[in-house]
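For reference, the structure discussed in these notes is given below.
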Amino acid sequence: MSLPVLLFASYADAFGARTVQVPVTAPCAVLDIVAALRVMPGGDRLPAEPLVAVNRTWVEASALVVVGDEIAIIPPVAGG
Amino acid sequence: MSLPVLLFASYADAFGARTVQVPVTAPCAVLDIVAALRVMPGGDRLPAEPLVAVNRTWVEASALVVVGDEIAIIPPVAGG
Amino acid sequence: METGVLHAAIVHAPIDVSALVARASHERVGAVSVFIGTVRDLNDGREVSGMEYEAYEGMAERELHAIATEADVRFPGVRLVMEHRVGLLTLGDASVVIVAAHMHRAPALDAARYVIEALKVRVPIWKREHYVDGDRQWIDPTATPVGKR
Amino acid sequence: METGVLHAAIVHAPIDVSALVARASHERVGAVSVFIGTVRDLNDGREVSGMEYEAYEGMAERELHAIATEADVRFPGVRLVMEHRVGLLTLGDASVVIVAAHMHRAPALDAARYVIEALKVRVPIWKREHYVDGDRQWIDPTATPVGKR
């Protein structure tokens, strides 16, 4: 299966897209998505342990995701 | 001799005046002025060790004053 | 008097500081603390012409509200009003305004500070500096500054 | 960019907060911290109708300036603008406004706080509360509050 993942700012620039479809197999954790992203074109600019939000809430790398979740890989925040 | 002393706020109310002439003898320290003030009418409302400024600068009770100094007895401050 | 989070929003239009201060103010309030973040013209020695802010909007507003709610719990009685602007801002523009009003000054000051410090580390907003020389660069506060490598 | 004490005054007219913020602001500044003290409607459970501020004006302005100069020494690069109003103020009126602007947020926040805390203990200004029932009373922050005797 593949899951849509939201990208922002420098990560969106790296992948040249604001949403990418990431191929994964269920059951799937956040770290699996990150690993899959890192071998995609532009993925070399993603750190091994980026910040991740699922359904607009911060989660750990071990968190499981299911189809329908809103998954976002978050660059270092710089608001203010 | 006597020295003019500035009063403010609750102290001005206590003495019914914004300036009082205080009888003292030279050499004269701040504490002598305070002692003289405390036996004048209204002086019972003055604490034994009020805040005092001479020439618009905070001073200790032991500071000496001379004729021409601007002497002020300062109620507890409450700005802001 | 209503207390707590009166307003916490991500906005696209210029922030009206006076309006936010007025909204937090109240006759029962004795102290109003305001923090304003503005776009400045120099960073790491490079001349900046503007700053582009991007947010993960749904989450940023939610996270901003969560931080404000934490401040309300820590400093009961506080009235909180805040906006963070996104889009392309020019020099001197306010990017964020946080207003904390309280009967007493300590919780007003502490609450405003709590919000800005938490916002800086937890709200998903990014900024890209536009330089006078035409270059642009996303800011990474976790990176080692050029001058300190 | 000029830094230090740009303005520190005792005033009789209403304070224009926006004007003071504008005066402290600068394109080289990234953070502006503003503290506003206002007249509130209740104190120790008594209904207040207004507040009368009196200052030892020559000394108060000098002391305010001295405090601001200390803040400038502690937080180099800060731009400080402040006014304390005297006279009869009504509910919601700003009695004091302190603006501290800096390239970075920590010194801006710290400088504003330093000034208001020092002002409260060192600047010769007094206030008399006017109550709705017609009574008036000078405030003594060093006295034991009625409810805590």
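Each chain carries a letter (A, B, C and D) given by its place in the written order, and its residues are counted from 1.
By definition in this document, contacts are C-beta pairs under 8 Å (C-beta built on N, C-alpha and C of every residue); 3 or more make two chains touch, one makes a residue touch a chain.
Just so we're clear, the structure is a prediction, and the values are computed from it rather than from any experiment.
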Between chain A and chain D, the fewest steps along chains that touch one another: 2
Relative to chain D, the most remote chain by C-alpha centroid is chain A
Distance-wise, how many Å sit between the C-alpha centres of chain C and chain D, to the nearest whole number? 23
Separation of mean Cα positions, chain C and chain B [Å, integer]: 49
As a quick test, compute the distance in whole Å between the mean CA positions of chain A and chain B. 72
Chain B and chain D, separation of their C-alpha mean positions in angstrom: 26
Check each residue of chain C and list the ones that touch at least two other chains. 37, 105, 116
Two or more other chains in contact with one residue: find those residues in chain B. 80
So, with touch as defined above, which chain pairs make the list? A-C, B-D, C-D
Of all residues in chain B, those that touch chain D in their complex: 6, 8-10, 13, 53, 56-58, 72, 74-80
Of all residues in chain D, which touch chain B in the complex? 37, 53-56, 58-60, 62-63, 84, 95-96, 116, 119-128, 138-143
Mind pulling up the chain C residues that touch chain D in the complex? 17-18, 21, 25-42, 91-92, 103, 105, 108-109, 112-113, 116
